[in-house]
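You will see chain A twice below: alongside chain B first, and alongside chain C after that.
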Partner chain A sequence: MTDLTQNPASTPGQVPPRHGSLLTQGARTKRRNAAEKRFQLYGMIAIGIGLLMLVILVTTIVSRGLGAYQQTFVTLNVELLESKLDKNGNRDLDEIKKVSTFGYAPLVKTALADAVAGYGIDTSVPAKDMDDLLSKGAVAQLRDYVIENPDQIGQTVSFEFLASSRVDGYLKGRVSRESIANDKSISAEQLDLVDDLIEQGAIRKQFNLSFITGADASDQRPEAAGMGVSMVGSLFMMLVVLVLSLPIGVAASIYLEEFARKSWLTDVIEVNISNLAAVPSIVFGILGLAVFINYMHLPMSAPLVGGLVLTLMTLPTIIISTRASLKAVPPSIRDAALGVGASKMQAVFHHVLPLAAPGILTGTIIGLAQALGETAPLLLIGMVGFIASNAPDSIASGLLAPNSAMPAQIYEWAKRADPAFYERAWGGIIILLVFLVTMNTVAVILRRRFERRW
Partner chain B sequence: MSFVKMTTSGLALAAFAATAAAARDQVQVAGSSTVLPYASIVAEAFGENFDFPTPVVESGGSSAGLKRFCEGVGENTIDVANASRQIREKEIQACADNGVTDIMEVRIGYDGIVFASDINGETFEFTPVHWYKALSDKVVVDGAVVDNPYTTWNEIDAALPAQPIQAFVPGTKHGTREVFEEKVILAGCEETGDFEAFKAAMGDDKKAAEKQCIGLRTDGKSVDIDGDYTETLARISSNKDGIGVFGLAFYENNTDKLQVATMSGVTPSTETISTGEYPVSRPLFFYVKKAHIGVIPGLKEYAEFFVADEVAGPDGPLAEYGLVADPELSETQSAVSNEETMGSNS
Partner chain C sequence: MPVSWLILILAALTLGGYIAGRARARASVQGDVRRLHSLPSYYGYNVALFALVPALAVLALWLLAQPMLIDARVSGMIPDTLIPEGSNQSLVMSDVRRVADGLELAVSSGAMSADEVAALDADATDIRARLGEMGVALGSDVRPEVLEAAQAYRAMSSTGTLWMTGVVLVLALAGLAWSYSRTHSEFRARNVVERGVLTLLILAASIAILTTVGIVLSMLFETINFFSLHDWKDFFLGATWAPNFRGDSELSILPLLWGTLYISLIALIVAVPIGLFAAIYLSEYASKPVRAFAKPLLEILAGIPTIVYGLFALLTVGPLLVDIFGRGEEGLLGLNWMSGATSVLTAGVVMGIMLIPFVSSLSDDIINSVPQSMRDGSLGLGATKSETVRQVVMPAALPGIVGAILLAASRAIGETMIVVMGAGAIAKFSLNPLESMTTITTRIVSQLTGDTDFASPETLVAFALGLTLFVLTLGLNILALYIVRKYREQYE
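Let's turn to the complex of A and B:
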């Protein structure tokens, strides 16, 4: 507008007199060009900040989380004493099971003391404190082995036990002799012993598959905690979400877009779907608690309930993206189909829907990715907590047995006291990010490959 | 079209879901975040040693846990509530209103509440009076009740460092808060004689005077932490002047970041707490719904296993993690095996 008011004397249609040459830039042109340059600079700065944040984020996550994929192991020969494990010597499984994990502790202690003596290591650590080097889960590992192989009782078997979280932290540089000055779980003498055992090759750090496949562990043994079971929990929830929200969402949007007459009712529905997409996810959690658990009496902490809650959350996303991709199919396709005698339903299902499919799939995958990273609604239906169940053995138990989800597991680890859990939380974030990036990549590829533009 | 197939399978799943209100076969626990580590250690060992599935343990605070506990009887309610304080009359009433009448109270041991600050900061030697004066909303200065005027610790006691007062205390949904109020703030209030002054000013109303004592200042010097101790720790690492209230076990896992303050000259440890020298300790409990015993498999076994000598005893894994073993554990064990409920034995 300023251009017009610049020269009040000029009349419409008349070019205002030029004050300078075309080759030299006037002050105003210079200003405009400078403004454009500045704007481009702002844009580049904004992108730069975004990229920098991304780099910081990714490097922090990777540098803090990679440690969780390595774990310290101690190799020990344990003599499975018959006098401790099977007093009557009849190899009766029920009798063997009566020996609790506490009964196995002396075996591990003796094995470690013997190993230290066998290597000829001179240490001031008394034999009864040596098992601080080992994970508290070592006894459970031993007991499981004996119950599975009762015929091995009386033999000496070589085991690879996890080292305790402090020893593991020492090998990873998280724990040092200064940082444990006031620590009761480990002493400097014990770290000296660890150094000696590393020299003998009995303690070493290696890739830790059980972090990817294992279950959560209690506060006392962070070294044994893994993401595997919560991954399965997430998987079952996503299965429920996919199976429920895709057909419901697609059916709802086809009806709204192709069949329903425009009326105030459809307008109200449309507005409400958009509103629903903006509802904070915790609200769906409260709803899930009230409806699915308290009213329908579905089990607590079950991925089925988690999936149902996340379905409610994902539905609006799917409906909105499906409607958008249905709208993008040109009306001429429908008209042509109807023109050669197809019914309305045939036109939609034979022509419109296949053409809209890539868009629908993309929306679904993005909706699923969103649901995968959701923790808040799970908080209220009991999926956030110490849930160390084993991997489910059937689809029904996968849906109904208590389980956690990946983001919930990460949250749970981040608030535990032992700093070793902190590392695992970061490690878990890597797995979660890998999933999200994969899903988004699949969505992009699908769109690139199959999307048609008119 | 696969669309039709998907719809049918979706409906089948929904139908299956509706009929799936089948029996729950794992113990469901919720409550105090102080008890959570102990409960999870027990749950894990329970799952390893018994043929029952590993119990599910959620946190959320003592009050939140007891509230869920009192929601009613049935498989869609929790079986066990962990609490870092005793159940209140009001909560027992709320339970009874919802049909939860037979409640078993199980004391698992004692836990110390410690005051800790950044490892590289100043060292503190507190008494309850210091904390009362630092955090109470109103204090008595020269015989008059005034808004809390103190901004640095050395204004309260010249022996304390000249550091701004910044405290991170547990929020009201935590059982730790109640113990903190009672054993630190109220104790300090009574020790200074302010309690008597409040009582006199309020017409001899003891309850109102107590309430006046434990009302914490709201000018930002005292911050309620509703999350877990990790949040308190994060606050302290970002604000080096901060002093946080922690459980002993949490402090012992983070000795590389925190230094602990003495209280009335005693350093907190499992030893000083078990002898009673360290003043700020409290019993930890869990509450069991008796109506669920025999319905939820493994519930009684879990309760018995929790208080077994090899678990909660002085050499067990809980003591190793920071719990102060209960000297009267054998009585608790017999109470659990006899399924004694609250009120039946006292």
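Let's turn to the complex of A and C:
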């Protein structure tokens, strides 16, 4: 038994013969057991680090991004003065439309000053600077309302205006009196006014649906920026990817798995597919730029082009998973079909394919989820750098009109100078991840429910 | 007629063909389908296939070829002497296209009549202003020869489209008629259809080849263009990356390559030990529940889009590193080594986190494929579990693990978003990981976004960079796959 601990390579004389009982550990055994413990610990630490990173990542995203779902609003009663909005008083829509946002600005200013006076707040902020508290889009919001409801002119209507991003940041703790020392957009006195208005209930935070449904906004108005339009862009891209990559991918896999005889052509195809799966995504972007935009003159920034590029990227993933699920269908199914007189094509399309369908679907969803989060190729085909402000009004314009996509929109916000956009970017990531988690969960459920083990 | 209408008509013809073909087959045997060679639906498919496939193929080819042919014809109309100083053929051509598109838009929106457009005279009318009213912005005033070329371009593309519509419709109808006429009880519809379907399957499979060819060709042509404008010696052997859009840039790949490799190295230094130990623990030590819990959680890291990691690098890791290593007295260590959030370390660490699950799941597979008998033998000789792992399992799995690391390296080299957001934009040779450096992928993005001019070496260099990147990652992948496959064979 003492030989157990001896190193067979060393000569017997070097290791002192073991004395004592098996129940007490010698120094060497202790050392080896300690090494064993250490080794196991390294493994645990490694897994711990990995999981810790996941936790840090998720908590960062959630803690920084949830703010985007709350927005600060200012409630104001605005008197829609007839003398300013409709001088002739005949409620002619064309005439009302002639009043630009400049005409509306005094109304908002007056309303704010009146509100402050009405609450009995004593402030050193002059009335003309009070509208710094409001988003620059507030006036446009007012104008849109009046154009839609011209009969309200002359009345006093209660509005909820978006607060400016500085005020919003102040309520969320992003902006403080120290951080605005060099800020021209807002002053400490204005923040005092905000404090008073919060006390009166005129300024408060509430759920911000327009972040989920709304459009992107310009550099000046981070408080108004939303994900909605880029979500539609992503949706159209995914539609293109699904419509193209599923049939092509399944057809290619059926050929390679069921019909192809071993030849140089099939070898070339197989090598190609496994390599394409590992080509950096940016290379697909270059391909898209060179072929779809420079050569075919498809429009820049169009979801159609994005979808085509992502299709080429997703195809290898779908082909690989489809082949795996075709392979999992036992040959006895094919043999039985052939045995009762089906042709090979019928055996595949009537029997093998339906049995492999859950696996194919799972692979497709996972491929789509990958494509949904892909950013790099979209940068090259121009899906960043402009403001996706209009939701498409038809399928054709959804495919061909310039739009953004969710990850591209997030990147766009991350690039902008105003830190208020960072919160939007994190908030956008939450939406993106909700989509990805949903898709992957559906894929897992599909696999659990329908996949047959043979 | 717009293409979408053409496609709708084709779809209608196909559906009609299916119904007609099936009905004719049934009629040919007076409803007794047992006397048909194939099931009635096959006769329908046969007609539908012949109506749709050739027409659709011609349509696709035509759409691809027409712009190229017209470009070649029209650019022949512009003599070299008329190309202004500092411009070139392709710039003039893009002007021509834009004017042609603008005129087309003017006609379709009803702002000008077709005759009015045909009678346009560049000297008499301010075309730039008129098109500007319709939202078509032109960079410079329209010169007579450009207008002439644009008119020719418009004429050719409208005749081309007309011809295309005609040819496609005739082809669809001819296919329909021919296959319909062949439909009778003796006709072997199933065999024909199945052969057709098989051809389509093969075509679908060759898209993989087409994509690769497309990637290589698109980058190769532009790369050749680039090297005709720029000295290849500077690209491969120069030491400076200093693009200058006024010309005379120094465009060397070496500083970019250095940044790329440095960041990838840091990423691997983070990912390989963690990933490897995680894989060893999961495959050798972990109990079933732990494995079932930890493995999917780790793999979530691999499913997170890279834009998320990029944002994490830019807004969380970068500022954190600045707090530790920078900001002088205010920093945690009181050092002033780091000035901005973007650095090699920022990008490298975040990329390492992204690669952990990649390394761990590949290594896990490979460790699992080491035969149990080797472990049993080692344990039977009295080795502890860790000794077995270190001295038996690891050496046996080493080639596979090297392959996995190579795959991870190829991922790191081709990764874009993390380095675009986390690594910075300064190309230089430096060993300091706290400085910002730039990579091949970052430069591709910055040279190809925004206003690009496909005739300047500063834009075209992106294609040369892309091709280099493609070759580099392809080489690594092929090597890695070769090693992994060789290794698998050893134990199967």
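The rule is short, and it goes like this: the second predicted complex is superposed on the first by the 411 of 454 C-alpha atoms of A that agree within 3 Å, B and C clash if a C-alpha of one lies under 4 Å from a C-alpha of the other, contacts with A are read in each partner's own complex, and residues count from 1 in each chain.
Assume a residue touches a chain if its C-beta (ideal position, glycine included) is under 8 Å from a C-beta of that chain, and two chains touch if they have at least 3 such contacts.
All values derive from a computational prediction rather than experimental measurement.
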{"item": "Contacts of A:276 with chain B and chain C, given as first, second, both or neither", "value": "second"}
{"item": "Which of chain B and chain C A:100 touches, first, second, both or neither", "value": "first"}
{"item": "First, second, both or neither for A:207, with chain B first and chain C second", "value": "neither"}
{"item": "Residue contacts with chain A in the superposition, chain B compared against chain C", "value": "C"}
{"item": "Touched partner set for A:294, first chain B, second chain C, both or neither", "value": "both"}
{"item": "Partner chain(s) touched by A:264 [first = chain B, second = chain C, both, neither]", "value": "neither"}
{"item": "First (chain B), second (chain C), both or neither touched by A:33", "value": "second"}
{"item": "Which superposed partner A:384 touches (first chain B, second chain C, both, neither)", "value": "both"}
{"item": "Touching both chain B and chain C, residues of chain A", "value": "247-248, 251, 294, 296-297, 382, 384-385, 396, 414"}
{"item": "Residue ranges of chain A in contact with chain C within the complex", "value": "4-5, 32-33, 35-36, 38-40, 42-47, 49-51, 53-54, 57, 60-61, 64, 247-249, 251-252, 254-256, 259-260, 266, 268-269, 272-276, 278-287, 289-291, 294-297, 312, 315-316, 319, 343-345, 369, 372-376, 379-380, 382, 384-385, 396, 407, 410-411, 414, 422, 425-426, 429, 432-433, 436, 440"}
{"item": "Residues of chain C defined as touching chain A within the complex", "value": "4, 63-64, 67-68, 97, 190, 194, 197-198, 200-202, 204-209, 211-212, 214-215, 218-219, 222, 273-278, 280-282, 284-285, 294, 297-298, 300-301, 303-308, 310-312, 314-316, 353, 356-357, 360, 382, 384-387, 389-390, 407, 410-411, 413-417, 420-421, 441, 444-445, 448-450, 454, 462-463, 466, 469-470, 473-474, 477-478, 481"}
{"item": "Contacting residues of chain A [partner chain B, same complex]", "value": "100-102, 136, 140, 143-144, 175, 179-185, 217-221, 240, 243-244, 246-248, 250-251, 293-294, 296-301, 304, 308, 349, 353, 382, 384-390, 396, 399-402, 414-419"}
{"item": "Residues of chain B defined as touching chain A within the complex", "value": "1, 3, 6-7, 9-10, 13-14, 17-18, 20-22, 24, 26, 28, 30, 33, 36-37, 39-41, 43-45, 47-49, 53-54, 56-59, 74-76, 78, 227-231, 249-250, 252-256, 259, 310, 317, 320-321"}
